[in-house]
Structures are given as structure tokens and as C-alpha cells.
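Heads up: the structure comes next, in C-alpha cells.
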Amino acid sequence: MSISLSTRPQVHHLLKRGETEAIGDEGLRKGASDLGPAILREVISMGENKRNTIAVMAVLLFGFALFYAGTDGFRAFTAESARTYDINQSQPAFPDVTLEDSKERTYTFDEFAEGKYVFVTFMYTNCTTVCPQLEMNMAQVYEQIPNDYIGEDIVFLSISFDPEHDDPETLSKYRTYFGSNGETWRMARIHDKEELNTVLDKLGVIVIPDGNGDFTHNSAFYLIGKSGHLLEMMDFTLIDEAADEVNRLLESEEGA
Amino acid sequence: MHRLEEIWLGLSAGVLVLFMVIVGYQAFALGMGPPSHKETIDPQKVDQTEPFDKPGVYETGENEYEVVMTLQAFGFTPNDIEVPAGAEVTFTMTSKDVSHGFQVAGTNINAMVMPGHIQEITHTFEEPGNYLVLCNEYCGSGHQLMSTEITVK
Amino acid sequence: MAKPLKDIIRDDPKKTLGVTPEDAKISKAYLSVAFITLLVGGLLGLVQGLERAGLLELPAWLNYYQVLTAHGILLILIFTAAFSIGYLYAGFSHTIGGLLPKVRKMAWAGFSLILVGVALVVATILMNEASVLYTFYPPLAASPVFYIGLVFVVLGIWSCALGVFINYHHWRKNHRGEVTPLFAFFTMGVFILWFFGSLGVTIEVLTLIPWSMGWKETINVMVSRTLFWSFGHTLVNVWYIIATSAWYVTIPKIIGGKIFSDKLARVVVIMLVILNIPGGFHHQIIDPGISETVKFLHVFMSVSIAFPSLMTAFAMFAVFERAGRKKGGKGLFGWFTKLPWGDVRFLAPMVAMIAFIPGGAGGLINTSNQMNQVIHNTMWVVGHFHITVGVTAVLTFFGICYWLVPYISKRQLTPQMNKLGIIQTIVWTVGMILMSGSQHMVGLLGDPRRTSYTTYGDHETALGWIPYEYVMAFGATLLLLGIIIQVYAVFNMMFLATKGESEFPIGEVEINAENTPLWTERWSLWIILLLMVVAMAYVVPIVDFVVNAPPGSPPIKTW
Amino acid sequence: MKQAFYGLLLFSFLALPPVAAVMESIMIVHMHMQMTLLVLSGFLMGRFFQLKFPVFFKKWNMNGIAGILLFMIIWSFWMIPRSMDDALTIQVVELFKFSSLPFLAGVALRDSWHKIGARGQYIVFGFFILVFSFMAWIYIGADNQICNNYLLVEQQTVGWGSLFFGVILSFYVLQVLFIDQSQYE
């Protein structure tokens, strides 16, 4: 079983050096064209060309279909973008879980939300990379919302997915770094492992512990509508767009 | 290829694969994998870092113990350790200076303890006795003196 | 295949007329260094063995770890390198018809570089500035001069490697459409592996130099360690390929047989070159900071090296059986007795091969996740590499001497030397069985390696190890005796034995064997595959150690 | 035919659930080793199909272009982070991976490699260097998740690994281009 890995045509292997020189390329070409009369050759090559074109077209078409299907029509090249797209489409309901906030109060999500919009992020306080940025950006969105709406029509909530470490004490300290007031913008943990997992699963938040006490996770802004369903999932790096979107929703609500 | 050669190589490959299967089964299904803890620590600030600021033996559950241990040239802290027979003991270790080895003669406890890294190994001591703990990675002129004992009662 | 003599003389005058005197000089120089080093290193080995058993107390100016460092570096690095270069250059010159003048110069340049390196390394060890052992794990910090000496040694080896590459290229240009002689093929494989295998440790040493000088404050311990082992175990396999070169190429000729399959031998070399470098990772199986899955993958990569070795086992025994049967051996094992047991040129490498059966099995144990935990850093490991390196590689080297030295010095292997060689082989074998055997056993009981004499405060477990250590010391004594005989034999054959022509035994291929395809010569492709395998193996731990690096360690001197 | 058998053996080994699970648990092993080995198994098994359906290959892959395009398309598809993530979470996608890589990409590569000639092979090498460079660029540079199933450090590992592969492959191609290969044949 020898696999030839040569990058040159195989013919040279079969002929010794001297012979190759004697026959030369001329001879090789002649050998190849000894297939039949000129006309027949013409016909064959026409058929060949056509088939080659067909085959290439078919492959390209297949490739196009494959990429189209695999990327939701060239929209989602990462699973994260696919997830955003999916969730924005399906608008899952936020599960009614029990929260424990930085002031050691416990209540369910529905009690907290009660006919308001909720602007949600997921984080953990030990995080040194994305989470501070995420919360910082959240703070900027918070500031861009007119005061009238805050607390009345919309509340903010940062949920920790590291309940073991993030007790109320830790959260109340963490909250002050970003100017969260603990009332209209609360930081809370979901104590019950099962409930936590349901939320993460429903909203497609993926959290992988890395063994060092840190987590690799995805981040986004989640806007929950008044009915408790997810309205929109937004890129957390686009602060102004997110704030505008929220404001637009709140205003249209008022007008109606 | 010769027929016999092919049979021989086929068998060899089979044995090697079987070997891998056993190793893999033990490591992943039976949880007998080698100590591979991943946390890190500043090797120059071990004394100020939790939990190594308070090395010692802690009872963490029913017949479960955690030994927080630092290794330095040429000794182990805490020094003499006492646990009851049948206790499941987890050693959480780090080095304050150079590379050390943590070996308990007569058991399968054997782990490298590197500066900057926290290593963990768990063992259940069934038999009472006086176990010899020694450093098995060269750490300097007093390397042969670096030892302690675990007393299992 | 047999060419008329006239043609041979025209094509390859040097082959017909024996060794080229200039090339022989290179080999003689390297071999002399090798065997002087062996004598010193062996003596230090005995000192260690006696100290370890508590039979000898070292004077105040010399400590155990100093002796151990010198023993390790002299034997593992210098003896093997010098011997290998001497041997390979002789065979390379013989099979391709002499070295180019510039390649000769490179070999001499390499020789000087290695000598300078050895001088620097030995000086720092003697001054007790470098008792960091052969593995010099940071943050143990030796004097910068020690590391600079190591760089010189590596540069010397690279110079020789480059010489081989240049000469090979030259040969290829003039022999289009031909496969290289098998011995030259082995030589290429060895030097390619040597070069790429030493890249990791070179990077490590180059980062250690500024650190040991105080220009850089800290070092990443785990990265250094990983880089070291990418080299540390590859080196062992370099010797192994060198030993197999003698098995494949010369033994068939010595025993009056034929090479089983030229193609198979080359495939084995290619596989060993491609697969080898990741094998070193099993030294880190119980290290922190590497996940179990990555370790498991490395077990797989290490174990895969066993495959070409099993191919070798088959090929060698096929050669033996055919040669024995040709000489009239009957029945299932009759051929075995027909082998030339009284010829040291066969006996020594044969014992070496047999030793690789337990040696290789021990290797599989060392490389597997859980069993490694039982014997990691114990005397078992010492026993393991004394049987693999000390017997499989070194005893083959010894056997090679009995035809190589007469060949390069235009003398003969006299019957007295042959007899001496047989005695040497027996002394060596018995010594190793005693020493390595007791090391294996006491290792299982937990006796740590690289540790000066100690009873750990008369702990009963430690006291139980002492009897084994006595046996070790006794074995070490026999081994030193063996070394003295060997060194005497080498220099006798080099300068004193009867003059005459000796042949360089190059086996011929079986007539009906497959032809060797030319694709085996695509070294650029094998190098690419080698690098891909290395990348696959090392990118995960290295990136992990760099990205999740803890604060580094400053240089520390604890001796 | 023997190599087709070895190919099948390799393929069955890779498809064993524990083997697949171990390989997929490390991102770089998943992308660069498992997928490569799958293609290799198909490459070996290709011999079987070539002998079984000689007419088909001759007819529809006359000059090798269609085959090599198919190979490149399949390979690129699996280098999309999304596809790889989906393979881990969606059974059907995983099944598609295990069939497309060997039976479409591997077999096509086998049949086309010699047909496309030296120039075509350079293009394939160029394609690989491009893919590797691109992966190096996105994975090393990315400071947030591209793949939801792996840690950030694993993504970076893939980036550096791809960079390394790209560089050594470039060296290889340069070497083939500038050193006269005929002396090695």
C-alpha cells in the first residue's frame, strides 16, 4: 500500500531517466492523444467539458445550500449569533424563579417585574474580563433612560450565576462599583441550582466553569417585556443602540 | 508486507489500543486520573494567600479531612498529621520556592507540587499506621531531609 | 545487484579502499572523548551508588548532588552525543563515499564547541555553582556560565547536524533517482530528530540565561519544564534510533543473514522521527495545571511510539531466524542456537535487544496515567533508564566499537579483544540486572530517586530499602569494572591492535524483498508532519500555561 | 483494497462514542485532529469507491476540479465556528460531520489530488494557508466567545495552533517551489 505523495505527474516514476529524455514531453502528449480519430476526440472533449461544468456547478450549488442552511441564510456564523437570532425569534418566557438580592430580600421574578420592563444581564463578581465591562455598559444604558420611566415602567436586574460565591454581602459591595442603587437596579443571585439552570437554558446563557474558579460565558443585554417574555436580546457593546431601543419602546407605550 | 508481519502488527496495535482503553476507562469512568488541579497562586505571596495563610488539618465532613499544606525547602507545613482510619483526606498543596514532590510511601499518593500552582490529591487511609511522607523531586542540598509523617489511628 | 569491482571503484573509490583517513580522524576524536567521559562518568556513578547505600561518606568539599549532576550530564549528554557523532559520521562517510571538505570542517567546529561547552559545564559543577541535575528545573538557578556551556554543546551538535544535511543534499544531487544507503538514511533521521528535538530546550536555556543573570526577574516554571521534557525524552529516542541503525544495518551482515526489508526499516525511522517529540510529556503526568484529557491524549501519543518498536522486533527476529535456519538450525527454536553467540559484535547488541523487552514494557507503565503515579520519581525510573539507556542503547554502542574502532584505525579485531568483549558484555549484563533489578523493586516500595543517603529519621519504611541499595552498590561496582574493560578495549583497538583492514558491516537486502520506494526520501514532508504532531501536542499546554500563568518565580539556590 | 480496509478501521475507531467524546472535549483536537483524521479515513476508503465506481469518478470528476471544490467547501464549512458548535449540541449535525468529512471531502480529495496536477495542488495548499491564517486572526484576536462550547483559552489555543500550521505549511510550499524536487525522485 504505497501512497504516492509526489506533487508531480506520476509518469516520471514509471520511466527511467534516459527514457524520459528520449521520449520527451512530445512523446507523452502523443501517447495521450492516441485515443481515436480527431472528430471522435472532439465529441468526447465536448462531452467532457459539459460534464465538468455540470459537476462544478452542482458542487457549487451544494456548497451554497450547505452554507445557507448552516448559517441561517448567511446571518449566523457563530453559534452565539444563531442563538441571538433564535431567541429573538422565539421570545421565551422568563421563568418565575426566586431571587435573593444584595439586601438579602427574597422574592420571585414575577413579583419583581410585575407589569414592568426588565433589563437583565448575567454576570459573576469574580470575573475580571467581560462582566465589569458588561455592568459598566449597563450603567450607561441606565443613565440614558429618562428618570420618569425608571422604577415605574422599567427596572434593571443583574443576575449572578455564581451563587456559591456571590452572597448578598459580596453583591452589595459589587453593586456600588457601577452605581446600582439596589432598588431600581438590583443585583441578585438565584440560589436554587435547578432554577438557575432553567433560566440559563431558557435564555441560552452558556456558562462553563474553567476549574480555576472562573467561568467562560457569553454576555448580552436582555430586555424582558411586560408580559414576562423576552422581547429582545441586544449586543452589550452597543450602548447607545440599546438605550435608544429601550427608550423607543417606553415612549411608544406612553403614546398608546 | 508479509502475512505474518501483518498479523503481528495487527495484534500489537490491538494490544496498544486495549491498553489505552483500560487507561482511559480507569481515568474517566473510575475517576482514577492523575492529580491535575488547575488553580494558580503567586508563589512569592503564599503566606498571605487563602487558604495557605493557615496551613493545617481541617475536618470538612463526616470522616472527611482537608490538609492545607505548604512545601518549602526542606519541609512540609503542617508537619505531623493525624487522621482517623478510614478517613478520606484531600491534600491541597503549593510550593513556596522550588519544585517539590509529594509522595506517601506505601500508597499511591504521588504528586508534583510546583511553585505558582495549587495541587490537589485525595486518598482514603484504610489501614492504621505511621506513613512516611517524603519529597521525591530534587529541591536542594537538604532534599534527603525533607520528610514528615502521617499518623493514621 | 552486484556491480563489477571496476564500477565500484569508479563510483565509490573510498568504499573499496576502506575508510578515508581524514574522516577517520573525526570519528577517532569523538570516540576518544566519548570513552574518556564514560570513564569519568562511570566512576562518579559508583561513588553515587556507594554513597546512596550509606557505604561511603563524601568529603566536605563534594556533595552527592554535585556528583549526580556531573554523572548525569557527562553520560546522558556528552558520552552519548560524542559516541553517536563518531559512529554516525564514520558510517555516513562510508556509505555515501566520503565527507565533503566543508562538512569535515563543520564536524571539527562542532567538536571544539562541544569541548568548550563541556569545560564550562564541568567547571561550574566543580565549583558547586550548578548542582541542578541534568534536568536543571527552574526555579533552581545555576550560574549563567552553566547554561552558556549547555548552549555551546547544543551548537556543537547542530553544527554536526548541519554538516550531515549538507552532505546528504550533495549526495542527492549526484544520485538522482536512487535511494540513499540505509545507514545514511538512519543518520538523516537521527540528526533531524536531534535538531528539532533540541529546539525546545534551547528556547528554555536562552530564557534561563537572562533570568539567572538577574536581568529578568521571574520565570514561568511550567513552560520551562514542558520545553525541557519536549527535549529530555526525545534525546533518549535519538539514542534508540542510533542503536536500531546498528541492528538493522550491521547485524544481518555480522550473523551472515540479510536485511529483512529495507522499506520497513525506513518506515520505522520515519515513524520514530514523526512521533517522538510529544513522548516527553509523560514526565508531566502528575503535574498540576494540565487537564486529565490532555494528559490522556499524551498517553496516546507516547504509546504510539511503541508501534514502530514492535515492527523492529518483528524484523529483527525474522532476520535471526532466517540466518539461523540457513546455517542448519532445525525445529521451532533450533535456529536460535546457530547464531554466532561467541562473536561480541553480535552478542552485545543481542543482549541489548533482549533488554528492550522489559525496558519497553516498563516504558508503557511509565507513560500510563495511573501506573505512573505509583512509580513517579522513584528508583523505578532510575532502573528503567539504566536498562533502556544503559543496556539497550549503550551495550549496542559497546558492540559497535568492536568493528567500528578497528575499521577507523585500520586495525583488526583480535581474538583476545573479542574474548575481552564477551567478558565485558557478561559483566555489564550481570551488573545491570543487579542494579536495575533492585532499583525497579525498591522503586515499587517507594524509594525516591535523586536523593542522597537517608533513613528519614530511621523510619521503618525507609530502613526496608537499605538492602536493595546494597545490591545496587554491588551492581554499580560491576558496572565500573565493565567500563574499565570497555575503555581499555576501545583504546587498545584504536592504537595497539594488529594492523589490517576491517570491514564496515553493511547488510544486504533479501533478494525477493520489496523495492524501496523513493517517497521515503521526502524529508521535507516528514519534517512538516513532525512539526504538525508537535504543534498538536504542545500548543494546548503551552498556551494554557502562558495565558493562565501564575506570577513567575525568581531564581533560587538551595544547595 | 487493503488501505480501504485500514480507512474503515480508522473511521470506526474515530466514531466510537468514547473516542469521539475525548477528542471533542479539546477544541484544537476537535478541529485539527479529529476532522483531519476523518478526512484521512475517507482518503483511504476512497480506493474502494474508485474501484467500485470507476465510471462515476471518470465521468463526473474528469479533471478533478469538481472534487477538489467539494473538498474545499466541506472543509471550509467545518471551520465555521457555528458548524463546530452545532456538531456538539445537535445530533444530526454530528452525524453529518461524520459522513461529510470522510465520504464527501476525503473521497473527493483522493480522487482529485492527482488529477488537478501540480498547479492545482499549489492552489489547495494556498487555500489551507489562507484558512489557517484566517483562523489564527479571528481566534487569537477574539476577546469574547466565538464558540459557546469551549473556554476562551481553548479558542486562543486553536488560533495559535492554526498560526503554527499555517507557517509550517508556507515553509513547505516555499520549499517545494524553490528547491528543485526532481533530485529527490
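When the chains are written out, they are named A, B, C and D in that same order, and each has its own residue count from 1.
Here is the rule we use: contacts are C-beta pairs under 8 Å (C-beta built on N, C-alpha and C of every residue); 3 or more make two chains touch, one makes a residue touch a chain.
According to UniProt, the chain labels map to these proteins: B = Cytochrome aa3 subunit 2; C = Cytochrome C; D = Cytochrome c oxidase assembly protein.
Owing to the predicted nature of the structure, the values given are computational and were not obtained by experimental measurement.
Asks: Using the stated contact rule, I'd like to know whether A-B or B-C comes out ahead in C-beta pair count.
Replies: Between the chain pairs A-B and B-C, B-C carries more contacts.
Asks: Suppose chain centres are the mean of their C-alpha atoms. Which chain sits farthest from chain C (Cytochrome C)?
Replies: A
Asks: So the centre of each chain is just the mean of its C-alpha atoms; given that, what is the distance between chain B (Cytochrome aa3 subunit 2) and chain D in Å?
Replies: That pair's centroid distance is 40 Å.
Asks: Where the CA atoms of chain A average out and where those of chain C (Cytochrome C) average out, how many Å apart are those spots?
Replies: Here chain A and chain C (Cytochrome C) have centroids separated by 52 Å.
Asks: Indicate the whole-number Å distance between the mean C-alpha point of chain B (Cytochrome aa3 subunit 2) and the mean C-alpha point of chain C (Cytochrome C).
Replies: From the centre of chain B (Cytochrome aa3 subunit 2) to the centre of chain C (Cytochrome C) is 31 Å.
Asks: Can you pull out the residues of chain C (Cytochrome C) that are in contact with at least two other chains?
Replies: Touching at least two other chains: 176-177, 291, 296, 518, 522, 525, 548.
Asks: Counting only residues that touch at least two other chains, what does the list for chain A look like?
Replies: 3, 6, 13, 210-212
Asks: Any chance you could list the residues of chain D touching two or more other chains?
Replies: Residues 22, 153, 176, 182, 185.
Asks: List the residues on chain C (Cytochrome C) that touch chain D in their complex, please.
Replies: 172-173, 176-177, 293-294, 296-297, 518, 521-522, 524-525, 528, 531-532, 535-536, 539-540, 543-544, 547-548
Asks: If you look only at chain B (Cytochrome aa3 subunit 2), which of its residues touch chain A in the complex?
Replies: Going through chain B (Cytochrome aa3 subunit 2), the ones touching chain A are 37-40.
Asks: Could you pull out which chain B (Cytochrome aa3 subunit 2) residues touch chain C (Cytochrome C) in their complex?
Replies: Against chain C (Cytochrome C), chain B (Cytochrome aa3 subunit 2) makes touches at 2, 4-5, 8-9, 12-13, 16, 19-20, 23-24, 26-28, 32-38, 40-45, 73-74, 97-99, 101, 103, 105-106, 108, 110-120, 130-132, 134-145, 147, 149.
Asks: Contact residues on chain D for chain A in the complex?
Replies: Residue positions touching the partner: 2-3, 6, 59-63, 65-66, 69-70, 73-74, 77, 80-83, 85-86, 89, 114, 117-118, 121, 143-153, 176, 181-182, 185.
Asks: Under the touch definition given earlier, write down the residues of chain A that touch chain B (Cytochrome aa3 subunit 2) in their complex.
Replies: Where chain A meets chain B (Cytochrome aa3 subunit 2), its residues are 210-213.
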